[in-house]
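Alright, structures below, take your time with them.
Note that subunit A is present in both complexes that follow, paired respectively with subunit B and with subunit C.
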Partner chain A sequence: MADNRVLLEVRDLKVHFFTDEGVVKAVDGVDLTIESGKTLCLVGESGCGKSVACRAFLGIVQRPGRIVSGEILFHPDGNGATIDIAAMDPKGAEIRQIRGREISMIFQEPMTSLSPMYTVGNQIIENIVLHTRDSKEIARERTIQLLDQVGIPRPDRLVDEYPFRLSGGMRQRAMIAMALSCNPTMLIADEPTTALDVTTQAQIIDLILDLQHEYGMAVLFITHDLGVVAELADDVAVMYLGKVVERAPVDTIFNDPKHPYTQSLLRSIPKIAMRREELDPIKGMVPNPFRRPDGCTFHPRCPKAMEVCRHVVPSVTQLDPNHLVRCLLYESQEGRPDESAPAGRN
Partner chain B sequence: MWKYLLRRSAYALFTVWVISLISFAVIQLPPGDYVSDLVNDLRAQAGEVSPEWEQRMREIYGFDDPFLVQYFKWMRNILTKGQFGYSFYYKRDAVEMITERLPMSFALSFLSTMFVWVVALPIGFYSAVHKYSIADYFASFMGFFGMAIPNFLLALIVLYLTYKYMGQAVIGLFSAEYASAAWSWGKLLDLMKHVWVPMVIIGISSTAGLIRTMRANLLDELNKPYVETARAKGLSETRLLIKYPLRHALNPFVSTLGWMLPSLVSGETIVSMVLNLPTSGPILYRALIQQDQYVAAGFILMLSTLTVVGTFISDLLLAWVDPRIRLQQ
Partner chain C sequence: MVATHTTQQVAPELTMRSDDHLLEVNHLKMYFPITQGLFSRVVGYTKAADDVNFYIRKGETLGLVGESGCGKTTVGRCIVRAYEPTSGEILYRDPDGGVTDLAALEGKEIQPYRKDIRMIFQDPYSSLNPRMTVFQVISEALRVNNLASGSEMRDRVEYLLQRVGLRPEYIQRYPHAFSGGERQRIGIARSLVTNPKLVVCDEAVSGLDVSIRAQILNLLEELQDDFDLTYLFISHDLSVIRHICDRVVVMYVGKIVEVASGLDVYVDPKHPYTEALMSSVPVSNPRARDKGTRILLEGEVADPSNPPSGCYFHPRCRYAQQLCREQAPPLKDLGNEHYSACHFAEELSLAGVRMV
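Here is the complex of A and B:
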């Protein structure tokens, strides 16, 4: 199933928001690759640009946001054709062929992501009819089948139910059914379990894993919950202030994290049987979006910051074929052997 | 659903009853009554009026009866005979005046409302979707402009302009030859020719308000997650805007249908006087000034009843268009 073929390749993507108060560089040079059939987890604190980045992959960044540069290369199956989503007109017909059909998306708020004015069935059928030109009857059959598949009881009845009569978990299942309705090659899930209770979270994650096995789609899963990452991911990309700071297979991230931010994130997870005082949160807060620190944006909070981090923007260092990190600690280690000795802060 | 209907009907009936009580009480609040007006007039013209005669008039009209007795008689005649009493001032049956004037007000209100919606909703929609564009600023500017101009002033300006450039003032709803004629195709056509002027003048200030409301409603909806879901499906922008946020933004307007009537009637009074329209506003105003109590009470009662019925209907419509209201009880 997994053929290690690259499905989506993001190069130096920049999405900026042009507000009256100034420019917010929500995504400021993101590089990512997603292989078909695999799961990539995009991790980071709130406000680091995860959600904006994945909206850019569908061309649905809201004004005043805009993709200012970079490439989003999409390789749909077979024939090696390549499409640059970043270069497409976000309202054009081409990109609308991709949305909901090749790449579909589920959102954080199952309570409000479906319109209360129309039945669940209506909203799923709409997606099928739009992309397949099937008749409403066929689409309805398929919808009932999908609802059954995502574990909604009595799907032939619930297809005509309004979303506000379903629980949060059921709505998220309905959203997943909608996202899968056209057999997408990639599913983007933007914190789909954040608004749900823990039991439901586990069920939804299992469901996504099952469906991924069945449909063979790639999954880009956005979360700040490292427990979820451990359960789902093949690869992990860690984002901080609009940049991917570390990217590696999931085992490497958990066992041998290199970037100080990744290390801090992992240390901040509470472990069972750990005494309460030992919780180790990351110091400081995400900086004001209008005044990003110079140099490495993480340096004011970094336990291993060096003098050089204040002015030099780190570039990507490849530690091994699958492990990339954006940190001056690892940059040209042969170049400055002495200065790069970690200098503790505070 | 049936329970809901029944409960709402009961509320509506109760409301109408309370309104009838209040409207009858309100018109008796000013000091004096029609007889004192009459006596004043007679004294001004001829001199002496004997207190006995005055007392006798009061007895004939029943003005000295206790309030509840008067109210009871009035109500009984309305309910059993469909009679609203007699106009002291016009010397006519009040019910005739009401049936003559009220449909005109109703028609004018309806047409103005349609005009307002047809103009304001698309402009508001465009303004919201193209927020902070030049067109949006222009619409906002025109909106405030329209709101700021008193509509009687607008009526005067229109009168002046039409008189100056067309040689004839657009007064009334009918030309002279149709004014007192029976209804015919010709009369209807004639009405169509005249009605647009008051329709636009009465509608213009609500248009301005409605543009703002529509814009605000839609802006609230545009950033809702379900809009993003629809966009992520690959729907075209126009289609998704109409199906999702517009549908949501329109719901509140359905519920305003009911109480549009009273605001338009009170809004049209001065315009109707300026333009000499055969609607309820001017006659109600005159009746209140002259203490012509049965005409005034009759108009107030009928207008209120229509409003209650309208609100009832718009509640039903709202339940019909919005599943959240229909299914959550």
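Here is the complex of A and C:
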């Protein structure tokens, strides 16, 4: 592991929502590892559970959802200490030591994730004072410095402005400043650029990459935009209906994807740098969360589905040390699933 | 001609620059007043569209791109006459060959054209009335225009539902029973029910997931061939525009900065703003990461109610010179249907999309 040690290990995480209409298995057995200093992109269509999984890492899953099983092991420093976030009381004091300090998050909506009632500065200062117990004056100095660092012009004046005076891109920068205020070891970014224009998106992506270089934090980046993934990921995890179906380094995902869902996803995006040709969409649509298909949940839409896919739930197959895939095509190839794959068999 | 004999029609007959143009937009201006105080005194104008000129050929797909607030939606809404333009012409060629200025029509005069020029909206959730069944939603335009009734109307709606890939049995359901992609199909069926000539697609696929987006894009292309449609495709998504458009118009703060063919605008841009836009598009191949450097624009999009002097793009342009600060550049014809509103369009050598 050398430089890039494992920072967060997620094992068989399940987050279910208990509604009147039934149980929605939003996250249904997710395994992930995130290394410090690296960027992991979590990709998938809406409803695949990517946002819920990340909320679970911070203990902020909204009711009626809760973590029903699994472990979220967080290794905050090199000396072997391990904390299981999944076992913590989501309202307890322990998790508050982590949330916003060790792990912080940027949300999709820069318009709604800042409070309109407080100045930008106050919201950032609050976080610093809470976690570091510094005086307000020191926290204010630090806030101005942070705002400057994320590229906000005239930070000494903007610190006292209310969020409505800022444009979308500037608000997202302010959010990033807030997330970075306590030097987190891990940053979770939930679709931080989806609501922004391309030129602003490019600025924000560059900013996140620069800051990662500087602070060496791990970044977990959630997006549905495969172009963004290609720009910034080190590793990619593709999710479909609550499960990670494929996980590999970014180059492998784009140039040698193995799971039929990953392959279809890549074929269905219009490519700007290539000749136009007819798109090859995935047939059908994401199934109703209350009526998930049996067996492999992707089989009704899968171009390579076999009879066995209808009733056998695929387990994780390890194709090479960094490439994991959850598909029966590869299990049959090897005869039986790889026993050394991280826990993911159910 | 269909239009009425008002005083305006006495004026010399309108003509278009070319016979194959379906629509010509000339010097279109749409200013929204900014009011202040108790008596709503007008203190200024937001120039959402400021002297916009372009044409759409019959049967082609014209893309209109730009960032939020550049006025692309305003232009689309002026064409469907959801707005009354401040000034300018929107010339439309009727199926029988006559030319009408849509911008000059008033009140009921517009109605005959509403069936020819239709719109597909961005948000499939808010654009369908939740209290109307699919049948009512799609047939509404037929009813209010007295174009069909009874079984004829029902047949047409069923045919269209099938055509856009939905089962005709769903005709009595309400929109809430459908997913986003299906709703967008209903919106498309609604726009096609009157046999339109021109369809304005305002961010028609922006709210959809990638797999559904591909389905809808393919459907739109199929329908274009089958129904002889012309599209004005408004989007901020440059890869979608690249995929579907024959020609592309790029807007910045209410003005057109570049017009070119769908390929040229990507590989051979002639305006620094287009260049910056192209270089910010994420290319979906990790191996393209290091090819060429990305141009990061400084600062923010200009305020359309208080734009900078000269070329609106000059404060963010890395090639800006004194002339750019003083004089607004005209949209120059560079030949081969390539137009650019940059003083130095001919001299600059700009980079296109990072090719893999």
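One rule holds for everything that comes next: the second predicted complex is superposed on the first by the 326 of 346 C-alpha atoms of A that agree within 3 Å, B and C clash if a C-alpha of one lies under 4 Å from a C-alpha of the other, contacts with A are read in each partner's own complex, and residues count from 1 in each chain.
One rule holds in what follows: a contact is a pair of C-beta atoms (placed from the backbone, for glycine too) under 8 Å apart; a residue touches a chain by one contact, two chains touch by 3 or more.
Remember, it's a predicted structure, so these values are computed and weren't measured experimentally.
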Subunit B and subunit C placed together on subunit A: clash or fit? fit
So, A:164: does it touch subunit B (first), subunit C (second), both, or neither?
first
Check: Does the superposition put A:251 against subunit B (first), subunit C (second), both, or neither?
Finding: second
According to the stated criteria, A:45 is in contact with first (subunit B), second (subunit C), both, or neither; which is it? second
Chosen between subunit B and subunit C, the partner touching more subunit A residues is C
Request  = Could you tell me if A:322 is touching subunit B, subunit C, both of them or neither one (first, second, both, neither)?
outcome  = neither
TODO: Check whether A:201 is in contact with subunit B, with subunit C, with both or with neither, and answer first, second, both or neither.
DONE: second
Given the touch rule stated above, what does A:113 touch, subunit B (first), subunit C (second), both, or neither?
first
Taking the CA centre of subunit A as vertex, the centres of subunit B and subunit C subtend an angle, in steps of 10 degrees, of 70
(Q) Let me test your reading of the model: by the given contact rule, A:226 touches which partner, first (subunit B), second (subunit C), both or neither? (A) second
Per the contact definition in the header, classify A:127: touching subunit B only (first), subunit C only (second), both, or neither. first
Once both structures are superposed, the least CA distance from subunit B to subunit C in Å comes to 7
Intersected contact list for subunit A, partners subunit B and subunit C none
The residues of subunit B that touch subunit A in their complex are 223-226, 228-237, 243-244, 247-248, 322-324, 327-328
As the complex stands, subunit A meets subunit C at residues 45-46, 153, 167-170, 197-203, 205-206, 224-231, 233, 250-251, 254-255, 264-266, 268-274, 276, 278-282, 285-286
Interface with subunit A, subunit C side, in the complex: residues 67-68, 179, 181-182, 209-215, 217-218, 221, 236, 238-240, 242-244, 262, 266, 276-277, 279-289, 294, 296-297, 299-301, 353-356
So, in the complex, the side of subunit A touching subunit B is made of residues 55, 58, 60, 62, 91, 93, 95-101, 104-105, 107-109, 112-118, 123, 126-127, 130-131, 162, 164-165, 175, 178
